[in-house]
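Okay, got some structures for you below.
Paired with chain B in one complex and with chain C in the other, chain A is shared by the two complexes that follow.
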Partner chain A sequence: MLFENTKCECGHQNPVGTVLCEYCGMPLIEEIKTDPASPLEMRYDGMARRSQKSNPNLVDRIWRFFSSVRVAVWLIVLTLIGAALGTIYPQESTFINLKTSEEFRNYYKQEYGTMGEIYHALGLSRVYESWWFVGLLVMIGTSLVICSLDRVLPLYRALSKQQVRKHLQFITRQQVVYQGPEPQDRMAWLDKFEQALKKKRYRVWRDGDALMAEKNRFSRWGPYINHIGLIIFLLAILGRGVPAWNMDQYITLYDGETQQIPNTHYYVKNEKFTVEYYSDEELPQSLKGTVRPKLFNTRAILYECTANCDDPSKEPVLVEVKKHDIRMNQPLTYKGLSLYQFDYNDKPKLLSVSPVLVDKTTGEKYGPIHLSIRDPALTYEAGPYTLTLKDKFMDFGGFDSEGRPMSKSREPNAPAFIFIIKGPDLPENGETYIYFPNQIDKVRFGQDILNKALVDKLELRVEGMENVSIAENASTLNVRMDRAMPFVWTGAGIFLFGVVIGLYWNHRRIWLRFDDGVLSLGAHTNKNHYGLKTELAVMMNKSGIEVTVERLDNRRKTV
Partner chain B sequence: MNLYEFSQRALMTAMLVYSASFFIYMIALGGKKWSSRKSPERTQKWGWYGFAAAAVGLAAHVTFFVTRWMAAGHIPTSNMYEFMTMLAMAIMMAFIVIYLIYRNVLLGAFTLPLAVIIIAYASVFPSEIQPLIPSLNSNWLRLHVTTAALGEAFFAVGFTAALVQLLRVVDFTRTDKAGMRARRWVESFLLVILIVVGFLISVFSFRIAGYEVEYRQVKVSVDQFGQQTTTERLVTYNLPPIVKPHGGEIMAADTFLGTTDSLFEAPSWLKGVNADRKLNTILWSIISGLILYGLLRLIARKQLGAVIHPRLSDINPDDLDEISYRSIAIGYPLFTLGGLIFAMIWAQVAWSRFWGWDPKEVWALITWLFYTAYLHLRLSRGWIGAKSAWLAVVGFLVVLFTLIGVNLVIAGLHSYAGVS
Partner chain C sequence: MKVNRKLLQYIVLAAVLIVGGYAIGQSLYHPSPVIAKGSSIPDFKLVALDGSVHDSAAYAGKPMIINFWGTFCPPCREEMPALQSIYEEYGDQVTMIGINLSEDKVTVSNFVQQVGVTFPILFDRNRMTEKKFGLRQYPTTFFVRPDGKVMEMLFGLPLKEEQIRSRVEALLATS
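Here is the complex of A and B:
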C-alpha cells in the first residue's frame, strides 16, 4: 500500500487528500508542486473531502458518486433533455376526456401519425410522472445533500482557522499577484495599506510584517444555502403526494345556493355569479364584434359549521367566516383553503318549485309544498295527504333494460321525483307517484302514463311562475387545499436568498509578506477577478505603490 | 395625435437613436484601424458618444412604454408585440448596467443591433392595444413578466459578450481540423443572425408593398365511425408563396415576378396551426439570409468571422469572458425570481396550481437548468474561455426558443395571437 505523507514542512499534520496545507497553504500534492508558475487550485482552500478517501467501501463509493459536480451536471442535463422531450406533443394529463391507455394510443396515432404512436409507446406522453424522470429528480436531491455536506464542512474548517502568514508559494501562485521591491518604511506602509483596506470594508489581521485581509466571507455559504432551499423545495413537492395534505375538488353552485365542501366543516354560498364582456367601443379594430370576457365574478360567502355538523337529522349551525368576490386571479383563501373561479354555466336552471296537490275529482287544492330540486326534504304534508320522497333523479334518462329508472348525470337537466302518497281513498302502503317539475319533461317522459294508478285522482301542479325559482347562472369553483405550499415557498425563498448572496457578493482575501526586501502579495476571490484586481489596484495606488490592473493578473490565458 | 400614436412615435425614435448609437460605436471601433494614429482617447471619446446616444434611445423607449401603459390602462406586457418591445428595453437597461461596470466599447457595438433586431421583430406582430382577458389581470403576472425579461436581458448581454469573445479567440488562419470546425461554427452562427435579418427584411418589404395572396383549402376527414366531414380553411400569405397549402386553391392573389404560382406544395403530414404559412415564412427567411450572406461574402472575399476578427485584436478576451459570465451571474437570480418563482405564485393564484408542466413552464425550467449547468461547469469544473462562451451563446438560443419558439411551435396556455 502506498503510504502518503501528509505532514507539511511547517510541521502541521494534514488529513489524507489535502491539497494545500491547512496551516500555511503550501502545496502538498506532487503535480501541483512541479509546475511552480501555474496558479493554484483554490477550491475549498485545498482541504481534504470525505469523497476523496482512499480505499473506499460501498458507502464511500456511493458518496463519491453523488458528491461529484460532474455527476450533478449530468443529472441536470438529463433532466433538461427529459423535460424538453415532454414538450414535443401535449402530455396525456392535458386531455380530461381520455382515460385508458388504448384511448391515448389511438389519439396520438390519429393526431400525430407514426411519430405520435412512437411517442406514446416510449412513454414520452407522460414523461413527468415516469419513474425515470422522478428518479432523476430524486437523484438531484441526493446529489444536493451529499455535494453540500462533502464541501461545506471542510470549507467551514478552512475558513474558521486561517493563518495570517502563508507560504510564499501559496501567495505567488494566486490568480491575482503582485511582487515588487518593498516600500521604504515597511511598517508605516503596512499601516497605510491597512487603512485603505478598512475603507473598502476588509477585516485585517497582522502577524509581524505579514498581513491578511478578508471580506464578504458569508457569500461562500450562498451555494450551500441555495442547495438547502432546493432540498426543502423538493421535499415539499414530495409532501404534496400525502393525501391528507392535499385537496382538489370542484363545486358547482347556482346563484343563491349553499353547499358543503365535501370532507370539511366548511360551507360555501354563491350569492350571485356575473360575467361581463368588453363592449365594442373598448375593443380595437381587429377584435370588434368578437366576444371578449372582461370579468367572471362569484360573490361568495364561506361558512364554518360550528354544531350539528355530522348529524344528518339536524340542521347544521353555520357561522359566516369570510365574504369575498372570487375572480380570476383573486381566489378566496381562508386558513389554507382556497376557492378559485374555474368555470360557469349560463343556462337557466330550476332551483325549486312549490306545487299544489290537486284532487281531480273535487278540484280541491292542498298545499303548496316546497320542493327543492337539489336538496329536497323527505316528507311533505298536503292537506290530508302525506308525500314521502322515495327517489330522485337529477337528469332523468328513462329506464334501463330491467325497468329501473336511471339518471344520466348529476346535473339537474331533467329532474324527476318519485313520491309515495298516502291519504284518504288510497291503499295503506300508499301509491307511487312520479313527478317532473319541468313541463317539457312531463310530456317527453309521459308522466301521466307512468302515474296511471293516480292520474284521475291526484296531480301535483305548479300554479304560476311565482311558485318557480330559477337560477340564471351556475358557477363552478375549484376548491383546493395544499398544506405543502408554505414549504414550497420557503424553499424557493431560501434558494433565492442563497443565490443572491452567492452571486452578488464575492469573498475576497488578500495575503502579503516580505522576504529579502521583496513584497509578495496574493489575492483570491471565488468569483469576479476583475472586480478584485480593480479594487486592489486602487488600494495599492492609495498606499503609494503604483500598479496597473493588468500587472496584477496572474491567470493562465483563457483560450 | 392621441397617446397611442405618440407612444408609437417614441418607439420609432428609440429605434432610430439606437441605430445611430450603433454606428457611433462602429466609428469608435473602426477608428482604431482606419486612422493611422491609434488613439485610445479617441475610442473612449466615441464610446461615450455612443453610450450617450444609447441612453437617449432608452429614454425614448421608456417614454414609449409609459405612454402605452397610460393609453392601455394596463402595463404593456400582455402580447408578443408588447413583450418583445419590453424585452428590448430590458436589454438596453442591462447593457447600461454592464457597460457602466466594464466600459467596453465592443459590447455597445454588438448589443445595440440586438436591441434593434428585437424591436423590428416585435413590429411583425400587431401593435394595437388589446383589452386584458381576466386571467391576465394580475399583479403577480406583471411582476413575473417584467422580472423574467430583465433576467433574460442580462443573459442577452452575456450572449453578446460571449459572441464577441468567440469572434476574438477563434483563429481564422487555422486550417487544422479543430480550427476549421471552430471557424465553421462561428460562421454558421453569423449566418443564423443574417437569416433573422433576412426574415425581417422580407416581411417588411412585402408589407410595405402590400402583398397578399389568399388560399382556400378543403380538408376531408373520416372519423372513427366512417363519417365524412369537410372543413374549409382560408389562409392569407403576406409573403409570395414558395410553398402553398396542401391542396390549396388561390382565391385572390397579387403577382410577384409576374406570377402567382408557387414552387411547391406543403406536404400533407404538416400539422399545426398555419404550419404551411410558417414554413413559407421560414423558407423566405433562409433564402434571403443566404442571399445576404452571399453578397457580404462577395464583397469581403473571405469568411465574415475573418473580417470581424482582426478588428477585435485590441481587446483582452479574458475581459470579455468575465463580462459574459458576470452578466449571466447577475441575470440568474433575476431570472429565477421572475421566470420561476413569480411565475409559480401567479400560476398558484390564477390556475390554482403552481406548476402544471405547460410547455412554456417547462421551457422556463429548461432555461434555468441550462444556466444552472453553466454556472456549475464554470465555477466548479473550471469551464472558462471558449467553452463557457459557447454555453452562453447556446443559452441565449434556449431563452429565445422559450420566448418565441414555444409560441410558434408548441401550443399551450401562453400561445399568443397574431404570429406570422
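Here is the complex of A and C:
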C-alpha cells in the first residue's frame, strides 16, 4: 500500500480516507485536486468513514463488508426475493390441523401437485422461519447498525466542529457558488447579509471577514433515526421467535363452559354464544333464501387463577378480570392476550338433567335429583329412596371384545346411567336401574325392557324442558399473544419520524470569504438545490448584491 | 479515540453474534409439535384415581411406560390386562402409569376395578395433557428412558404382553 499523506497544507492531520480536510475543507484526494472546476464530493462532509482503514484485520474486514451500501442493497434484494417466494403457496404456519412434516408434504402434493412437492421439499413452505431468511434479516440488521455508525459518527464530528473560514477551493467548488467584486463597505454589507440570513432562521458565525451560516442541521440525523426505528422493528420481529413472546392457539367452549388457556394462568368462560342470520329482506336478490350469518358473538369472561393453579387435586381459585362480547374484529384483550372469534358449532350438547323419581303405584314424585352428564355425583337422595351411581356411559351402545358394554365415544351422544336403587319394598342390595336422559335413547335401547324388575314400580322422569340444561352452541376462540407488537409499532413510529425529519427539512450551509477584493460565496444543501439557490438569491438581493438564481448554479459548468 | 473505536466495533459485532446466533439457532431448532422418538416428554401434574397428585418431575431417573387410554376405545380395553401383568412383573424397576382420556371418575374406576388394574391411573382434564403429548390415536403407549426421552411409542393396536416385555427389557438394558 502506498503511503498516503493526509496532512493538509493548513497543518491539520486528517485520518486516512479523508476527502476534504477536516479543518479547512481543502480537497485532499488527488483526483479531486486535479480537476479544480468540478464540484466537490460533500458526502459526510468529506470525512473518512470508519471502515476506511489501512491494514485491516479480520474484524475490520467484517466491519467493512457490512458498512457497504452495495452489500446492504444486495441483502435487501435477496430478502425480497425470499419473501416473495414464500407467497407462492400458503405457508405451513397457516394450517392449524396439520402438524408433521409428512402431513405437510402430502398436503402440498395433493393440493398443488409436483410443484407443491418441490415447493415443500425446498423448504419454501416455511420461508419466514427458515435459517437463511432469519439469517438475511440478521445481516440486514447488522448492515443497518454498521452502515449508520460508520457514517453518523464522522458526520457528527464534522458538523459539531465546523470552521468558519474555509479554504477558497472548498467554497468555489460547492454546487451553489457566487463570486464577484466585494461591496463597498465589507463589514456593513456583512451585517446586512447576516440580518437577511437570520430572518430566514439561519444561525450565523463570523470570523473576521469570513462568515458561515447554517440551518436545519437536525435533518441530517433523519436517516439515522429511521435506521434506529428499523433496527427496533427487526429486533421485534426476531423477538417473535421467543416462545414466551408469541402464542397462537384455539379453544372450543360450549355455552357455560370454562377452560384454562393452556400454558397460562388464565381461564376463559363462554357464557353464551349466539349467531344471527340475515333475514331475507336484508339480503340482495341473488342471495335470497340462502343462510348468511350476520353476527357471531361470544359472551366471554376471562378469569385469572389466583390459587391452587398448579394443584390438580383442588379447584383453582378464579378471579374475573374481564368481561367482553367477542365479535369479528372485536377481540377480548387483556394484558397482551387477545381472544378472537374463530369458529362455532351448533350441535347441541346435553349438560345436565333433573329428573324426579316417580312411584308408579301411588303416583308420588320424589326429587328432583340433579344429574350432571359430564361429572355426576355418586349418590342421590329422592324421598325414601337412595340412588347410587354404579356406572355411566357417555355414548352407550358399544360392546368390547369380551362382550362388556362400553361407550362408543367420549362425547355425550347417548348418555346412560346405571343406578342401584335402595328403598322401601326393594331388595336389601337394591335393584339396578338404567336411565337414559334422552328420550330417543330410551326407546332405542329399550329402557323399560332393561329395567323390567322395576318397570311397574319406579321411573326416573324429566318433567318439562326447564329441568334440562343444554349447551346449544360451542364457540371456538383463537387465543393470541404477540408481545413483540408494541415494539414493532414503536420501531415503525421512530422510522416514520426519521423519514419526516430527513425529507421535509433540508440542511443548508453558506460560507463566504473575501480575497483581494473578491467576494467568494459557496452554499451546500443535502437536498433541493433549487430551494437553496432561490433562498440565497433573495437574501443577497436584500443585502444589495443583485444576482439571478441561474448565476448561482455551479453545476452547469461541469456538464 | 482509537481504543473507543475498537471497543465499539467489538461491542456491535458481539451483539450481532448473540442476537443473530440466537435467532438463527431458534430457526434451526424448531421443536416438533408432536412427540417423536428421542424427544423429551412434556411435564404434567395430574390427579390419580386415589386422589393423590402425580408430578412427572418425580419420575425422573427411572424408565417409564405411559399409556393413554379410554373406556370408549376397544384396543385400550383389550390391552389393559397385558399392561397390568407387566406391571406386576416389573413394577419395582419401571414406572407404569395410565393416563385416562378426560373421562369421569365413575366410568374410569368401574373399568379399573373390572380389570383389576393396580398401577396408578391419572385423570387428564379437558384433554390438556393429551394435547401436550400431541396424541393422534388411541391407545398410545410411550416407552420413556430414565432421562425422560422417548425410546419408542406404539399406538392403535392393542399391545401384547410380549411386545411390552421386550420394550421393558430394552429400557432396562439401557439404564
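In this text, the second predicted complex is superposed on the first by the 364 of 559 C-alpha atoms of A that agree within 3 Å, B and C clash if a C-alpha of one lies under 4 Å from a C-alpha of the other, contacts with A are read in each partner's own complex, and residues count from 1 in each chain.
Everything that follows uses one rule, which is that a contact is a pair of C-beta atoms (placed from the backbone, for glycine too) under 8 Å apart; a residue touches a chain by one contact, two chains touch by 3 or more.
Values in this document were obtained by computation on a predicted structure and should not be read as measured data.
Undergrad: Touching A:409, do we find chain B (first), chain C (second), both, or neither?
TA: Only chain C is touched by A:409; chain B is not.
Undergrad: Taking the superposition on A as described, I'd like to know which of chain B and chain C A:374 touches: first, second, both or neither.
TA: It touches chain C, and chain B stays clear.
Undergrad: Answer with first, second, both or neither: which of chain B and chain C does A:121 touch in the superposed model?
TA: neither
Undergrad: One more residue to check, A:188. First (chain B), second (chain C), both or neither?
TA: neither
Undergrad: Check the residue A:312 against both partner chains and state whether it touches chain B (first), chain C (second), both, or neither.
TA: The answer is second: A:312 touches chain C but not chain B.
Undergrad: Report, in rising order, the residues of chain A that make contact with chain B in one complex and with chain C in the other.
TA: none
Undergrad: Considering the complex alone, what residue numbers of chain B touch chain A?
TA: Residues in contact with chain A: 102, 126, 128-131, 133-135, 137-138, 140-141, 169, 269, 271, 317-319, 321-322, 326, 329-330, 332-333, 336-337, 340-341, 344-346, 348-354, 357, 359, 362-363, 365-366, 369-370, 372-373, 376-377, 379-381, 384-386, 406, 410-411.
Undergrad: Show which residues of chain A lie in contact with chain B when the two form their complex.
TA: Touching chain B: residues 43, 69-70, 72-73, 76-77, 79-80, 83-84, 86-88, 90-91, 93, 111-113, 128, 248, 278, 282-287, 292-296, 327-331, 338, 340, 342, 478, 480, 485, 488-489, 492-493, 495-496, 499-500, 503-504, 526-530, 553, 555, 557-559 of chain A.
Undergrad: Which chain A residues qualify as touching chain C in the complex?
TA: Against chain C, the touching part of chain A is residues 50, 59-60, 62-63, 99-100, 129-131, 133-135, 137-139, 141-142, 145-146, 149, 235, 238, 241-242, 259-260, 262, 310-313, 374-376, 378, 389-395, 398, 400-402, 404, 406-410.
Undergrad: Could you pull out which chain C residues touch chain A in their complex?
TA: 5, 8-10, 12-13, 16, 19-20, 23-24, 26-28, 30, 32-34, 45-47, 51-53, 70-72, 74, 77-78, 101-107, 110, 114, 123, 125-126, 128, 131-132, 134
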